[in-house]
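Some structures are shown below for you to check.
Next come two complexes built around chain A: one with chain B, the other with chain C.
== the complex of A and B ==
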């Protein structure tokens, strides 16, 4: 290192990061020359905990891996258990799971674009995005009784049904949300400040996206049309009509817009589910013993592909439970995105992969 | 002797000192409240800035072991003293015509950068890389916004001086406006007025130009390592600086009093002056901040070079031609 560069420590505690992570950044003036990522600050030993708890307790445990994708984790875990033991989830429960997942996806994406506005200093837009997100928070509280952890998934189905009172309420919230979401998209697309600050930074080319095997909105904004809901359909996604959103620009701006478009698609999905949902049970009362063996399950969490691996030796606790979260795949690509960027853009670029550190370190 | 007493009164009580502090805290509170309402928040009470200062005063001062302690302690005091002196030379139309011989645009050009220098000293002394970044950002931005400031000062001086040559004395500039009407409504001076209004958020670091102290980028840069009373002094410096730049713009653009004469008229004029400051605050700081975010340093710099400076230069050129 020459004397013109110096170390800028970003993290583990930093106002621009929602969660602890450490970036050792070599800076020359205002330009970033190299980035080293260090993780491990919020390791809670959850995989070890999962091996000491029985299959039912692990539903509660996995729900607490992270708050923003707190439905994807138990849902995917339950899918792995069901794959292993051959439990058939009732059709209505499949729809309910999709609804819970998509509600969480809308809230998660709105949170991310809101934070992006905050990082550009545009706090009015941040407040606006969070206010719109509040519609979804109300929906969650009204339908599931909680704003973050829905507690909806259990092995073999769902805990709560959407009935004649909560169904129309959820639909009403969506009707309220849709026009505001469209308006917000217009603001993010056209606002001169957002465009000036976020276009052309944090570039990730199609090739680089392939090389790093990034997932979720990060991949789709770089032109990789990879969405588990279409590539390896689960639950009732094959019966639903929605489009996988992609973009080719691969910068911070396109990722934010892509998330907003996905939120609009999610509204569409929930509406279809509410319409198509068949009558019937929402779970199975008697669950068979979990046989020895191994199984995997994957799903599309708001941040990308979530992967669960489960091995059982026939006891009531898993022999091994391992999961791979989307952020794990995406944060290596940060090295590419942060190369030669400005100090002012570091936070924006890191936020654009929507990092979930507590998922990744668990 | 009376001169010294008069100057001491001006610096410590009115229009600098206590008056400037009280007005500044009031303006700051209004700014926060209105911004909150614009963002559909409830917002803090009007006296919140006072509470903040009281709280900070009771806190411990922590100084990083690697910092240069003398410079670290000196920086906020230097900045606050600088702005208090500047506030003392600001004339208020119909109330106060300034300390004799001090209200001069040339002197202001030296006094106005003092708070920024205080911040730079703080950033340099704190030995934190964020402080250093804040230092360099503050300096870059200062170069950018001083240029249109000087150009609009000159435009005003040339316009007011007319054929007799340029006039740099603030009281004389105000006298001219009392006779010929506010410069704000002078079509020749309109571009320079706009440049001056854009200078305010630039120097206050709000909206597009919240670059040196950007919270998510450099964690308040120079202020990062400050705590307790020293931080409170920086906050006070910032509120008095707000008063200074607003009063300067009012004096240059629209200092005309509400009523003539003394007695109760002085109070009315003072209230009128505060109203003008409030309106300017709303336009150039609060609404500006609510409607925009922050530019990158290079974008902020080129904003001043590309848009603000030419505006002031247009006025200067026109004023020269119409002498």
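== the complex of A and C ==
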């Protein structure tokens, strides 16, 4: 770097970061010229733990990879185990899994756009978004008994049913949420402060999105219309009517709006599930032994494609369990998004990939 | 489910390895999974370009030991690709002492982090990687840490240094387990 540039260290502990990551940023005046990332501050060795725990214990372990997508992890892990052992999950349980996933998606997306409002300095909007999110937090607590880790997924199905009392309660929460979500979308779409701070920054072109192989809302806001729920359907998504949200602007604003539109679609999905869900068992009591072999499973977590690979040698613990979280794919695209941005926008752009470091490092 | 993805994967793999070199399984939703085995890690260099050419997306890479605690020598690496909804896993056997594999970053830029991660976890040497430094683990940690059995009880003890336990048991006899080699 030339003498006109200097290094601006951001992190690993920084007020604008929810979790620790180190950014070695070269700036020239107020303009970012290059970015290097250094990770590993919260590496927990969870994949080593997974090889020492049996298949049932790993359901609990994978639920603790990350709090915001804590249903996607055990659910996708269970799908990998079920793919390997040929377990057929009852239809009602498939619906219950979708409901849990979509409830978590709404809460996760509202959290991210709320933080975005906070980073623009619009703290009353941040509090408003978090207050709306509370509706889903109450729904989780009422239906599952927990506000973050639902404990809903088990191998072969689900742990808890949605019955005549929790079903109407969940529906009531969605009715309460929907108009407020629509109103929130209008604020994020039209508010002059939000527009000024977030439009046209953190740009990621379609070509760069493909090159970095980014996933989730980050990819879809750059025109890559990939949603695992449609591309490689699982559970009962083929029977559900919803639209994959896309955009072509590829900036911070379009990513936030896309997440809010996805939350609206999630409301639609949950309502359909509550209407269509057939009666029947929610799990299978007798689980067969897990045979030797290998299997993969994928799902669309709130941040994007979540991938599990399971390798079994026929024992009661996996020979290898590997998972790749959505954020893992999106970090390096920050080098494109942060290029030539202003120092004041760094935190906003980093937040726009909805980064999860506990997921990334495991 | 996705005929086009399957056909292009079949074509790309067959032109390098010959017909019948990819096997298919499917799940209850009709999603297809292709499986390819390579006995020579150098073959990666011939299969990566045609996969990149047909627009395959590298999803992730999984390295594994033939025995999870390193009691039997040998490693393998599974490269997982997506072709518009179809997953193709290419598994490669690695040579022993030391295990080494060529980098596929010239064709798949996002292989960077994946390769650095398995290199630090299993002590696998990367050939022609543009930036082969550690990704997550500190340089002070041994290479190939995932090849070793670190007993769960040791992890759960929060084992760090003997200094910690000297403080906890200040004024008392230190239990034997605090003096283990993992605590020094």
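Remarks
The working rule: the second predicted complex is superposed on the first by the 362 of 362 C-alpha atoms of A that agree within 3 Å, B and C clash if a C-alpha of one lies under 4 Å from a C-alpha of the other, contacts with A are read in each partner's own complex, and residues count from 1 in each chain.
Keep in mind that, in the parts below, contacts are C-beta pairs under 8 Å (C-beta built on N, C-alpha and C of every residue); 3 or more make two chains touch, one makes a residue touch a chain.
Source: prediction; values computed, not measured.
Look at A:186: by the touch rule set out above, it reaches neither chain B nor chain C. Of the two partner chains placed by the overlay, only chain B lies in contact with A:6; chain C stays clear of it. With both structures placed on the common chain, the touch criterion links A:172 to neither chain B nor chain C.
In the superposition on chain A, A:305 makes contact with chain C only, not with chain B.
In the superposition on chain A, A:145 contacts neither chain B nor chain C. When the two structures are aligned on the shared chain, A:52 is found in touch with chain C, with no touch to chain B.
Applying the stated contact rule after C-alpha superposition, one finds that A:234 touches chain C and leaves chain B untouched. Looking at the shared chain after the overlay, A:289 reaches neither chain B nor chain C.
In the superposed model, A:342 lies in contact with chain B only, and not with chain C.
Residues of chain A touching chain C in their complex: 39-40, 43, 45, 47-49, 51-53, 83, 88, 211-213, 231-234, 238, 294-298, 305, 307, 309, 311, 313, 319-320, 322, 324, 328-329, 331-332, 361. Within the complex, the chain B residues that touch chain A are 38-41, 129-130, 132-133, 136-137, 207-208, 210-211, 214-219, 290-299. In the complex of the two chains, the chain C residues touching chain A come out as 1-2, 27-29, 31, 33, 35, 57-60, 62, 64-65, 68, 78, 80, 84-87, 89, 108-110, 112-114, 134-138, 145-146, 150, 152, 155. Every residue of chain A that touches chain B in the complex is listed here, in rising order: 6-9, 14-16, 27, 29-30, 117-125, 127-128, 131, 193-194, 196-197, 342-347.
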